[in-house]
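Read the structure below first, then the notes.
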Amino acid sequence: MTFSMNQKVLFKHCDPAGIVFYPRYFEMINDCVEAFFAECGTPFEVLLKSAGVPTVQIAATFTAPSRHGDQLVLALDVLRIGASSLDLEINADADAGAARRFTANSTLVYLGVAGRPTKWPDALRLSFTSHLRSTP
Amino acid sequence: MTFSMNQKVLFKHCDPAGIVFYPRYFEMINDCVEAFFAECGTPFEVLLKSAGVPTVQIAATFTAPSRHGDQLVLALDVLRIGASSLDLEINADADAGAARRFTANSTLVYLGVAGRPTKWPDALRLSFTSHLRSTP
Amino acid sequence: MTFSMNQKVLFKHCDPAGIVFYPRYFEMINDCVEAFFAECGTPFEVLLKSAGVPTVQIAATFTAPSRHGDQLVLALDVLRIGASSLDLEINADADAGAARRFTANSTLVYLGVAGRPTKWPDALRLSFTSHLRSTP
Amino acid sequence: MTFSMNQKVLFKHCDPAGIVFYPRYFEMINDCVEAFFAECGTPFEVLLKSAGVPTVQIAATFTAPSRHGDQLVLALDVLRIGASSLDLEINADADAGAARRFTANSTLVYLGVAGRPTKWPDALRLSFTSHLRSTP
(Lines give C-alpha, C1' and ligand atoms only; values in the text may rest on other atoms or scores of the structure.)
Protein backbone atom coordinates (compact mmCIF):
# COMPACT_ATOMS: atom_id res chain seq x y z
CA MET A 1 0.00 0.00 0.00
CA THR A 2 1.50 3.28 -1.11
CA PHE A 3 1.91 5.95 1.57
CA SER A 4 1.14 9.44 0.33
CA MET A 5 1.61 12.99 1.59
CA ASN A 6 0.12 16.17 0.18
CA GLN A 7 2.48 19.10 -0.27
CA LYS A 8 1.45 22.41 -1.76
CA VAL A 9 4.33 24.26 -3.39
CA LEU A 10 4.87 27.30 -1.19
CA PHE A 11 6.68 30.58 -1.71
CA LYS A 12 9.67 29.35 0.34
CA HIS A 13 10.22 26.43 -2.03
CA CYS A 14 10.64 28.56 -5.15
CA ASP A 15 13.66 30.10 -6.80
CA PRO A 16 14.08 33.19 -9.00
CA ALA A 17 12.82 31.18 -11.97
CA GLY A 18 9.56 30.67 -10.05
CA ILE A 19 10.02 26.92 -9.77
CA VAL A 20 10.96 24.65 -6.88
CA PHE A 21 14.65 24.90 -5.91
CA TYR A 22 15.66 21.25 -5.99
CA PRO A 23 17.24 21.05 -2.50
CA ARG A 24 13.76 21.94 -1.25
CA TYR A 25 12.49 18.75 -2.91
CA PHE A 26 14.85 16.81 -0.67
CA GLU A 27 13.34 18.53 2.35
CA MET A 28 9.90 17.45 1.09
CA ILE A 29 11.21 13.90 0.65
CA ASN A 30 12.60 13.96 4.19
CA ASP A 31 9.24 15.21 5.49
CA CYS A 32 7.52 12.39 3.60
CA VAL A 33 9.83 9.75 5.08
CA GLU A 34 9.27 11.27 8.53
CA ALA A 35 5.48 11.12 8.04
CA PHE A 36 5.81 7.54 6.80
CA PHE A 37 7.62 6.47 9.99
CA ALA A 38 4.91 8.15 12.06
CA GLU A 39 2.32 6.20 10.04
CA CYS A 40 4.35 3.05 10.76
CA GLY A 41 3.88 3.70 14.48
CA THR A 42 7.35 4.98 15.34
CA PRO A 43 7.65 8.74 14.83
CA PHE A 44 11.14 10.12 14.26
CA GLU A 45 10.92 12.15 17.47
CA VAL A 46 10.65 8.87 19.38
CA LEU A 47 12.91 6.71 17.21
CA LEU A 48 15.77 9.20 17.13
CA LYS A 49 16.07 9.41 20.90
CA SER A 50 18.04 6.20 20.84
CA ALA A 51 18.77 5.51 17.19
CA GLY A 52 19.47 7.04 13.80
CA VAL A 53 18.09 6.49 10.31
CA PRO A 54 20.48 8.34 8.00
CA THR A 55 19.88 8.40 4.28
CA VAL A 56 22.99 6.80 2.81
CA GLN A 57 22.15 7.29 -0.83
CA ILE A 58 19.53 9.04 -2.88
CA ALA A 59 18.97 9.60 -6.57
CA ALA A 60 16.34 11.82 -8.12
CA THR A 61 15.16 12.68 -11.61
CA PHE A 62 13.29 15.95 -11.96
CA THR A 63 10.92 15.31 -14.83
CA ALA A 64 9.18 18.66 -14.98
CA PRO A 65 9.32 21.84 -12.92
CA SER A 66 6.82 22.58 -10.15
CA ARG A 67 5.44 26.08 -9.72
CA HIS A 68 4.25 28.08 -6.75
CA GLY A 69 0.76 26.91 -5.84
CA ASP A 70 1.02 23.47 -7.41
CA GLN A 71 -0.63 20.75 -5.35
CA LEU A 72 1.84 17.90 -5.18
CA VAL A 73 1.25 14.40 -3.90
CA LEU A 74 4.33 12.50 -2.79
CA ALA A 75 3.79 8.75 -3.03
CA LEU A 76 6.17 6.49 -1.10
CA ASP A 77 6.65 2.78 -1.72
CA VAL A 78 8.97 0.36 0.02
CA LEU A 79 11.08 -1.46 -2.57
CA ARG A 80 13.22 -3.64 -0.33
CA ILE A 81 13.58 -4.31 3.38
CA GLY A 82 17.10 -5.30 4.38
CA ALA A 83 18.27 -6.46 7.80
CA SER A 84 19.12 -2.87 8.73
CA SER A 85 18.42 -1.00 5.51
CA LEU A 86 15.35 0.19 3.67
CA ASP A 87 15.00 1.04 -0.02
CA LEU A 88 12.30 3.54 -0.88
CA GLU A 89 10.88 5.08 -4.00
CA ILE A 90 9.12 8.42 -3.80
CA ASN A 91 7.23 9.86 -6.75
CA ALA A 92 5.74 13.33 -6.81
CA ASP A 93 2.84 14.18 -9.08
CA ALA A 94 0.71 17.24 -9.70
CA ASP A 95 -2.66 17.62 -11.39
CA ALA A 96 -4.11 14.63 -9.59
CA GLY A 97 -1.45 12.26 -10.85
CA ALA A 98 -1.42 13.48 -14.43
CA ALA A 99 1.94 15.22 -14.22
CA ARG A 100 5.02 13.56 -12.79
CA ARG A 101 7.41 16.04 -11.20
CA PHE A 102 10.13 13.81 -9.78
CA THR A 103 11.07 10.24 -9.01
CA ALA A 104 13.49 9.56 -6.18
CA ASN A 105 15.07 6.40 -4.83
CA SER A 106 16.75 6.33 -1.47
CA THR A 107 18.32 3.94 0.98
CA LEU A 108 18.09 4.44 4.72
CA VAL A 109 20.04 2.56 7.35
CA TYR A 110 18.96 1.89 10.90
CA LEU A 111 21.68 2.69 13.41
CA GLY A 112 21.40 1.54 17.01
CA VAL A 113 22.63 3.29 20.13
CA ALA A 114 26.27 2.58 19.27
CA GLY A 115 25.84 4.13 15.83
CA ARG A 116 26.17 0.75 14.10
CA PRO A 117 23.77 -0.80 11.59
CA THR A 118 21.20 -2.69 13.62
CA LYS A 119 18.24 -4.93 12.75
CA TRP A 120 14.99 -3.04 12.33
CA PRO A 121 12.67 -3.51 15.33
CA ASP A 122 10.02 -6.12 14.51
CA ALA A 123 7.10 -3.71 14.69
CA LEU A 124 8.70 -1.37 12.17
CA ARG A 125 9.65 -4.23 9.88
CA LEU A 126 6.08 -5.44 9.89
CA SER A 127 4.78 -1.98 9.01
CA PHE A 128 7.33 -1.64 6.22
CA THR A 129 6.13 -4.95 4.81
CA SER A 130 2.60 -3.61 4.43
CA HIS A 131 4.01 -0.84 2.23
CA LEU A 132 6.09 -3.11 -0.01
CA ARG A 133 5.28 -2.29 -3.61
CA SER A 134 4.42 -5.88 -4.40
CA THR A 135 1.79 -5.92 -1.66
CA PRO A 136 -1.64 -5.43 -3.18
CA MET B 1 36.06 47.26 16.43
CA THR B 2 33.32 46.09 14.10
CA PHE B 3 33.46 42.46 12.96
CA SER B 4 32.53 41.99 9.33
CA MET B 5 31.69 39.08 7.06
CA ASN B 6 31.32 39.09 3.28
CA GLN B 7 28.31 37.33 1.83
CA LYS B 8 27.50 37.22 -1.83
CA VAL B 9 23.81 36.81 -2.54
CA LEU B 10 23.49 33.35 -4.06
CA PHE B 11 20.79 31.61 -6.05
CA LYS B 12 19.63 29.66 -2.99
CA HIS B 13 18.89 32.90 -1.10
CA CYS B 14 16.48 34.28 -3.68
CA ASP B 15 12.72 34.01 -4.05
CA PRO B 16 10.44 34.15 -7.11
CA ALA B 17 10.69 37.96 -7.04
CA GLY B 18 14.46 37.57 -7.51
CA ILE B 19 15.28 39.06 -4.11
CA VAL B 20 16.50 37.52 -0.88
CA PHE B 21 13.82 35.55 0.95
CA TYR B 22 14.00 37.12 4.42
CA PRO B 23 14.38 33.89 6.46
CA ARG B 24 17.62 33.45 4.49
CA TYR B 25 18.82 36.76 5.97
CA PHE B 26 18.47 35.19 9.40
CA GLU B 27 20.64 32.29 8.27
CA MET B 28 23.23 34.85 7.14
CA ILE B 29 22.96 36.58 10.52
CA ASN B 30 23.44 33.25 12.28
CA ASP B 31 26.49 32.54 10.10
CA CYS B 32 27.86 35.99 10.98
CA VAL B 33 27.41 35.40 14.71
CA GLU B 34 29.05 31.99 14.32
CA ALA B 35 32.02 33.56 12.51
CA PHE B 36 32.20 36.25 15.20
CA PHE B 37 32.50 33.65 17.97
CA ALA B 38 35.25 31.90 16.00
CA GLU B 39 37.01 35.27 15.72
CA CYS B 40 36.59 35.64 19.49
CA GLY B 41 38.51 32.39 19.93
CA THR B 42 35.64 30.06 20.81
CA PRO B 43 34.08 28.55 17.72
CA PHE B 44 30.50 27.31 18.05
CA GLU B 45 31.61 23.74 17.31
CA VAL B 46 33.68 23.87 20.52
CA LEU B 47 31.41 26.06 22.64
CA LEU B 48 28.26 24.07 21.91
CA LYS B 49 29.71 20.77 23.11
CA SER B 50 28.96 21.85 26.65
CA ALA B 51 26.85 24.97 26.36
CA GLY B 52 24.24 26.78 24.32
CA VAL B 53 23.90 30.32 22.99
CA PRO B 54 20.30 30.61 21.84
CA THR B 55 19.03 33.80 20.29
CA VAL B 56 16.22 34.90 22.59
CA GLN B 57 15.08 37.89 20.60
CA ILE B 58 15.79 39.46 17.25
CA ALA B 59 14.34 42.38 15.33
CA ALA B 60 15.17 43.33 11.77
CA THR B 61 14.26 46.10 9.37
CA PHE B 62 14.71 45.31 5.69
CA THR B 63 15.52 48.67 4.18
CA ALA B 64 15.92 47.65 0.55
CA PRO B 65 15.85 44.34 -1.32
CA SER B 66 19.03 42.44 -2.19
CA ARG B 67 19.37 40.78 -5.57
CA HIS B 68 21.18 37.68 -6.81
CA GLY B 69 24.85 38.53 -7.19
CA ASP B 70 24.90 41.45 -4.75
CA GLN B 71 28.02 41.57 -2.62
CA LEU B 72 26.87 42.13 0.94
CA VAL B 73 28.98 42.98 3.94
CA LEU B 74 27.49 42.10 7.30
CA ALA B 75 28.93 44.30 10.06
CA LEU B 76 28.48 43.15 13.66
CA ASP B 77 28.89 45.34 16.74
CA VAL B 78 28.47 44.42 20.37
CA LEU B 79 26.02 46.82 22.01
CA ARG B 80 25.91 45.47 25.55
CA ILE B 81 27.54 42.64 27.47
CA GLY B 82 25.36 41.28 30.26
CA ALA B 83 26.34 38.71 32.86
CA SER B 84 25.03 35.93 30.64
CA SER B 85 23.56 37.86 27.72
CA LEU B 86 24.91 39.68 24.69
CA ASP B 87 23.22 42.38 22.63
CA LEU B 88 24.36 42.64 19.04
CA GLU B 89 23.62 44.85 16.07
CA ILE B 90 24.21 43.55 12.57
CA ASN B 91 23.98 45.81 9.54
CA ALA B 92 24.19 44.58 5.98
CA ASP B 93 25.29 46.87 3.18
CA ALA B 94 25.88 46.49 -0.54
CA ASP B 95 27.78 48.67 -2.98
CA ALA B 96 30.71 49.11 -0.63
CA GLY B 97 28.59 50.50 2.15
CA ALA B 98 26.53 52.83 -0.01
CA ALA B 99 23.31 50.83 0.22
CA ARG B 100 21.88 49.59 3.51
CA ARG B 101 19.93 46.34 3.11
CA PHE B 102 18.98 45.51 6.68
CA THR B 103 19.60 46.36 10.30
CA ALA B 104 19.11 43.67 12.92
CA ASN B 105 19.34 43.67 16.70
CA SER B 106 19.55 40.44 18.63
CA THR B 107 20.08 39.17 22.14
CA LEU B 108 21.88 35.92 22.84
CA VAL B 109 22.03 34.12 26.16
CA TYR B 110 24.80 31.85 27.37
CA LEU B 111 23.47 28.60 28.81
CA GLY B 112 25.73 26.30 30.78
CA VAL B 113 25.65 22.52 30.98
CA ALA B 114 22.43 22.52 32.97
CA GLY B 115 20.72 24.69 30.38
CA ARG B 116 20.60 27.69 32.72
CA PRO B 117 21.88 31.22 32.05
CA THR B 118 25.54 31.24 33.07
CA LYS B 119 28.24 33.90 33.22
CA TRP B 120 30.20 34.27 30.02
CA PRO B 121 33.67 32.70 30.26
CA ASP B 122 36.26 35.42 30.90
CA ALA B 123 38.09 34.94 27.60
CA LEU B 124 34.88 35.38 25.61
CA ARG B 125 33.83 38.41 27.66
CA LEU B 126 37.20 40.02 26.99
CA SER B 127 36.85 39.41 23.26
CA PHE B 128 33.32 40.80 23.25
CA THR B 129 34.62 43.95 24.95
CA SER B 130 36.99 44.61 22.08
CA HIS B 131 33.99 44.63 19.76
CA LEU B 132 31.85 46.99 21.86
CA ARG B 133 30.59 49.75 19.63
CA SER B 134 31.96 52.45 21.91
CA THR B 135 35.46 50.97 21.72
CA PRO B 136 37.53 52.98 19.25
CA MET C 1 -11.01 36.45 14.42
CA THR C 2 -7.59 34.92 14.87
CA PHE C 3 -6.26 32.85 11.96
CA SER C 4 -4.39 29.76 13.04
CA MET C 5 -2.12 27.19 11.43
CA ASN C 6 -0.92 23.90 12.88
CA GLN C 7 2.76 23.11 12.52
CA LYS C 8 4.40 20.02 13.92
CA VAL C 9 8.08 20.51 14.66
CA LEU C 10 9.86 18.29 12.16
CA PHE C 11 13.38 16.91 11.95
CA LYS C 12 14.36 19.54 9.37
CA HIS C 13 13.53 22.36 11.78
CA CYS C 14 15.89 21.22 14.53
CA ASP C 15 19.49 22.03 15.30
CA PRO C 16 22.23 20.06 17.06
CA ALA C 17 20.75 21.10 20.40
CA GLY C 18 17.55 19.30 19.34
CA ILE C 19 15.51 22.50 19.28
CA VAL C 20 14.13 24.60 16.44
CA PHE C 21 16.80 26.61 14.62
CA TYR C 22 15.30 30.11 14.76
CA PRO C 23 15.54 30.95 11.02
CA ARG C 24 13.20 27.98 10.57
CA TYR C 25 10.66 29.81 12.75
CA PHE C 26 10.69 32.61 10.18
CA GLU C 27 9.92 30.07 7.46
CA MET C 28 6.97 28.88 9.57
CA ILE C 29 5.86 32.51 9.99
CA ASN C 30 6.11 33.04 6.24
CA ASP C 31 4.06 29.87 5.67
CA CYS C 32 1.46 31.15 8.14
CA VAL C 33 1.20 34.52 6.37
CA GLU C 34 0.91 32.69 3.05
CA ALA C 35 -1.89 30.50 4.41
CA PHE C 36 -3.57 33.61 5.84
CA PHE C 37 -3.64 35.30 2.43
CA ALA C 38 -5.11 32.13 0.90
CA GLU C 39 -7.79 32.21 3.64
CA CYS C 40 -8.39 35.87 2.70
CA GLY C 41 -9.20 34.74 -0.83
CA THR C 42 -6.01 35.84 -2.58
CA PRO C 43 -3.35 33.14 -2.46
CA PHE C 44 0.26 34.29 -2.85
CA GLU C 45 0.60 32.30 -6.09
CA VAL C 46 -2.10 34.55 -7.58
CA LEU C 47 -1.24 37.82 -5.85
CA LEU C 48 2.47 37.65 -6.64
CA LYS C 49 1.93 37.37 -10.39
CA SER C 50 1.44 41.12 -10.53
CA ALA C 51 2.40 42.40 -7.10
CA GLY C 52 4.67 41.91 -4.11
CA VAL C 53 4.12 41.78 -0.35
CA PRO C 54 7.58 42.02 1.16
CA THR C 55 8.07 41.89 4.90
CA VAL C 56 9.74 45.20 5.74
CA GLN C 57 10.26 44.59 9.41
CA ILE C 58 9.88 41.76 11.86
CA ALA C 59 10.67 41.28 15.52
CA ALA C 60 10.45 38.06 17.45
CA THR C 61 10.93 36.95 21.02
CA PHE C 62 11.64 33.26 21.53
CA THR C 63 10.15 32.54 24.92
CA ALA C 64 10.96 28.85 25.20
CA PRO C 65 12.56 26.29 22.92
CA SER C 66 10.50 23.92 20.75
CA ARG C 67 11.53 20.32 20.38
CA HIS C 68 11.18 17.75 17.62
CA GLY C 69 7.64 16.42 17.63
CA ASP C 70 6.07 19.40 19.39
CA GLN C 71 2.66 20.32 18.01
CA LEU C 72 2.71 24.08 17.52
CA VAL C 73 -0.21 26.32 16.70
CA LEU C 74 0.65 29.63 15.06
CA ALA C 75 -2.03 32.23 15.73
CA LEU C 76 -2.09 35.31 13.50
CA ASP C 77 -3.91 38.56 14.29
CA VAL C 78 -4.08 41.73 12.25
CA LEU C 79 -3.03 44.67 14.43
CA ARG C 80 -3.31 47.54 11.96
CA ILE C 81 -4.33 47.96 8.32
CA GLY C 82 -2.55 50.85 6.61
CA ALA C 83 -3.21 52.18 3.12
CA SER C 84 -0.57 49.84 1.71
CA SER C 85 0.84 48.22 4.85
CA LEU C 86 -0.28 45.52 7.25
CA ASP C 87 0.85 44.96 10.83
CA LEU C 88 0.58 41.39 12.08
CA GLU C 89 1.22 39.57 15.32
CA ILE C 90 1.94 35.86 15.25
CA ASN C 91 2.10 33.81 18.43
CA ALA C 92 3.16 30.19 18.55
CA ASP C 93 2.07 27.92 21.35
CA ALA C 94 2.51 24.26 22.21
CA ASP C 95 0.62 22.03 24.61
CA ALA C 96 -2.76 23.28 23.45
CA GLY C 97 -1.93 26.88 24.22
CA ALA C 98 -0.32 26.26 27.59
CA ALA C 99 3.25 26.99 26.46
CA ARG C 100 4.18 30.09 24.49
CA ARG C 101 7.13 29.48 22.17
CA PHE C 102 7.45 32.79 20.36
CA THR C 103 5.75 36.09 19.68
CA ALA C 104 6.47 37.88 16.43
CA ASN C 105 5.36 41.23 15.03
CA SER C 106 5.80 42.03 11.37
CA THR C 107 4.90 44.68 8.84
CA LEU C 108 4.15 43.83 5.23
CA VAL C 109 3.83 46.31 2.38
CA TYR C 110 1.76 45.86 -0.75
CA LEU C 111 3.71 46.72 -3.90
CA GLY C 112 1.93 47.13 -7.22
CA VAL C 113 3.21 46.29 -10.67
CA ALA C 114 5.66 49.19 -10.63
CA GLY C 115 7.14 47.99 -7.35
CA ARG C 116 5.70 50.96 -5.44
CA PRO C 117 3.52 50.88 -2.32
CA THR C 118 -0.05 50.59 -3.52
CA LYS C 119 -3.44 50.56 -1.80
CA TRP C 120 -4.60 47.10 -0.78
CA PRO C 121 -7.33 45.77 -3.08
CA ASP C 122 -10.74 46.23 -1.47
CA ALA C 123 -11.48 42.52 -1.17
CA LEU C 124 -8.23 41.89 0.71
CA ARG C 125 -8.76 44.92 2.95
CA LEU C 126 -12.18 43.63 3.88
CA SER C 127 -10.78 40.21 4.73
CA PHE C 128 -8.01 41.76 6.82
CA THR C 129 -10.63 43.71 8.75
CA SER C 130 -12.35 40.52 9.81
CA HIS C 131 -9.07 39.42 11.39
CA LEU C 132 -8.38 42.66 13.26
CA ARG C 133 -7.62 41.82 16.86
CA SER C 134 -10.28 44.20 18.14
CA THR C 135 -12.94 42.43 16.09
CA PRO C 136 -14.90 40.11 18.35
CA MET D 1 41.41 20.64 -13.92
CA THR D 2 39.21 20.04 -10.91
CA PHE D 3 37.33 23.05 -9.55
CA SER D 4 37.18 23.15 -5.78
CA MET D 5 35.29 25.08 -3.12
CA ASN D 6 35.91 25.17 0.61
CA GLN D 7 32.92 24.77 2.86
CA LYS D 8 33.11 24.68 6.62
CA VAL D 9 30.24 22.74 8.20
CA LEU D 10 28.23 25.38 10.04
CA PHE D 11 25.60 25.21 12.75
CA LYS D 12 22.80 25.76 10.22
CA HIS D 13 23.81 22.62 8.29
CA CYS D 14 23.46 20.24 11.24
CA ASP D 15 20.57 18.18 12.51
CA PRO D 16 19.68 16.91 15.99
CA ALA D 17 22.21 14.09 15.54
CA GLY D 18 24.90 16.77 15.16
CA ILE D 19 25.63 15.84 11.55
CA VAL D 20 24.86 17.50 8.25
CA PHE D 21 21.18 17.24 7.27
CA TYR D 22 21.48 15.84 3.76
CA PRO D 23 19.28 18.41 1.95
CA ARG D 24 21.88 20.93 3.14
CA TYR D 25 24.49 18.98 1.15
CA PHE D 26 22.45 19.71 -1.97
CA GLU D 27 22.55 23.41 -1.14
CA MET D 28 26.34 23.10 -0.86
CA ILE D 29 26.41 21.31 -4.21
CA ASN D 30 24.29 24.05 -5.75
CA ASP D 31 26.65 26.69 -4.31
CA CYS D 32 29.60 24.78 -5.76
CA VAL D 33 28.02 24.64 -9.23
CA GLU D 34 27.21 28.35 -8.96
CA ALA D 35 30.84 29.14 -8.03
CA PHE D 36 32.01 26.92 -10.90
CA PHE D 37 29.96 28.90 -13.44
CA ALA D 38 31.39 32.14 -12.04
CA GLU D 39 34.89 30.64 -12.45
CA CYS D 40 33.89 29.76 -16.04
CA GLY D 41 33.23 33.46 -16.66
CA THR D 42 29.42 33.42 -16.64
CA PRO D 43 28.05 33.87 -13.13
CA PHE D 44 24.53 32.58 -12.50
CA GLU D 45 23.31 36.13 -11.75
CA VAL D 46 24.19 37.03 -15.36
CA LEU D 47 23.34 33.74 -17.06
CA LEU D 48 19.94 33.40 -15.45
CA LYS D 49 18.70 36.77 -16.69
CA SER D 50 17.98 35.18 -20.05
CA ALA D 51 18.39 31.45 -19.54
CA GLY D 52 18.05 28.58 -17.11
CA VAL D 53 20.30 25.72 -16.01
CA PRO D 54 18.05 23.36 -14.08
CA THR D 55 19.44 20.21 -12.53
CA VAL D 56 17.48 17.42 -14.18
CA GLN D 57 18.95 14.56 -12.23
CA ILE D 58 21.24 14.04 -9.29
CA ALA D 59 22.43 11.04 -7.33
CA ALA D 60 24.48 11.11 -4.16
CA THR D 61 26.07 8.60 -1.85
CA PHE D 62 26.79 9.79 1.67
CA THR D 63 29.83 7.80 2.67
CA ALA D 64 30.36 9.15 6.15
CA PRO D 65 28.70 11.84 8.26
CA SER D 66 30.09 15.37 8.52
CA ARG D 67 30.10 17.15 11.85
CA HIS D 68 29.83 20.76 12.88
CA GLY D 69 33.18 22.45 12.32
CA ASP D 70 34.46 20.00 9.70
CA GLN D 71 36.37 21.68 6.90
CA LEU D 72 35.02 20.22 3.68
CA VAL D 73 36.44 20.62 0.20
CA LEU D 74 33.98 20.09 -2.64
CA ALA D 75 35.77 19.05 -5.81
CA LEU D 76 33.88 19.37 -9.10
CA ASP D 77 34.82 17.65 -12.35
CA VAL D 78 33.10 17.80 -15.70
CA LEU D 79 32.36 14.26 -16.91
CA ARG D 80 30.61 14.96 -20.20
CA ILE D 81 29.62 18.02 -22.22
CA GLY D 82 26.50 17.50 -24.32
CA ALA D 83 25.01 19.89 -26.85
CA SER D 84 22.83 21.42 -24.15
CA SER D 85 23.60 19.25 -21.13
CA LEU D 86 26.45 18.93 -18.67
CA ASP D 87 27.35 15.95 -16.50
CA LEU D 88 29.20 16.75 -13.30
CA GLU D 89 30.73 14.82 -10.44
CA ILE D 90 31.18 16.48 -7.08
CA ASN D 91 33.13 14.85 -4.29
CA ALA D 92 33.36 16.22 -0.78
CA ASP D 93 36.26 15.36 1.48
CA ALA D 94 37.33 16.33 4.96
CA ASP D 95 40.69 16.01 6.71
CA ALA D 96 42.59 17.32 3.71
CA GLY D 97 41.23 14.65 1.40
CA ALA D 98 41.63 11.75 3.77
CA ALA D 99 37.94 11.29 4.48
CA ARG D 100 35.32 11.10 1.73
CA ARG D 101 31.95 12.44 2.85
CA PHE D 102 29.88 12.21 -0.30
CA THR D 103 30.01 11.62 -4.04
CA ALA D 104 27.37 13.21 -6.24
CA ASN D 105 26.65 13.03 -9.95
CA SER D 106 24.35 15.50 -11.60
CA THR D 107 23.14 16.53 -15.02
CA LEU D 108 22.31 20.14 -15.86
CA VAL D 109 20.52 21.34 -18.96
CA TYR D 110 20.90 24.73 -20.59
CA LEU D 111 17.55 26.32 -21.40
CA GLY D 112 17.36 29.36 -23.66
CA VAL D 113 14.91 32.23 -23.50
CA ALA D 114 12.04 30.07 -24.70
CA GLY D 115 12.73 27.53 -21.94
CA ARG D 116 13.94 24.92 -24.44
CA PRO D 117 17.24 23.02 -24.40
CA THR D 118 19.73 25.20 -26.22
CA LYS D 119 23.38 24.79 -27.24
CA TRP D 120 25.83 25.99 -24.62
CA PRO D 121 27.38 29.34 -25.55
CA ASP D 122 30.86 28.77 -27.00
CA ALA D 123 32.68 30.57 -24.21
CA LEU D 124 31.04 28.40 -21.56
CA ARG D 125 31.65 25.23 -23.55
CA LEU D 126 35.32 26.09 -23.81
CA SER D 127 35.56 26.68 -20.07
CA PHE D 128 33.78 23.39 -19.35
CA THR D 129 36.31 21.61 -21.56
CA SER D 130 39.18 22.81 -19.41
CA HIS D 131 37.50 21.10 -16.44
CA LEU D 132 36.86 17.77 -18.17
CA ARG D 133 38.17 15.02 -15.96
CA SER D 134 40.30 13.55 -18.75
CA THR D 135 42.07 16.85 -19.29
CA PRO D 136 45.42 16.75 -17.57
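Labels for the chains are A, B, C and D, by order of writing; each one numbers its residues from 1.
Throughout what follows, contacts are C-beta pairs under 8 Å (C-beta built on N, C-alpha and C of every residue); 3 or more make two chains touch, one makes a residue touch a chain.
Quantities reported herein were computed from a predicted structural model and do not represent experimental measurements.
Shared contact partners of chain A and chain B, listed by label, are C, D. For the interfaces A-D and C-D, the C-beta contact count is higher for A-D.
Seen from the Cα centre of chain A, the chain whose own Cα centre is farthest off is B. The pairing of chain B with chain C is characterised as same-residue: of all residue numbers used at this interface, over half are used by both copies.
Inter-chain spacing, taken between the CA centroids of chain B and chain D, is 28 Å.
Inter-chain spacing, taken between the CA centroids of chain A and chain D, is 24 Å.
Between chain C and chain D, the centres computed from C-alpha atoms are 34 Å apart. Residues of chain B in contact with two or more other chains: 11-12, 16-17, 21, 23, 27, 30, 48, 68. Across the complex, chain D is touched by residues 9-12, 27, 30-31, 34, 43-46, 48, 67-69 of chain B. Taken in their complex, chain A has these residues touching chain D: 16-17, 19, 21-24, 26-27, 30, 48, 52, 54-62, 65. Across the interface of their complex, chain A is touched by residues 11-12, 14-18, 21, 23, 68 of chain B.
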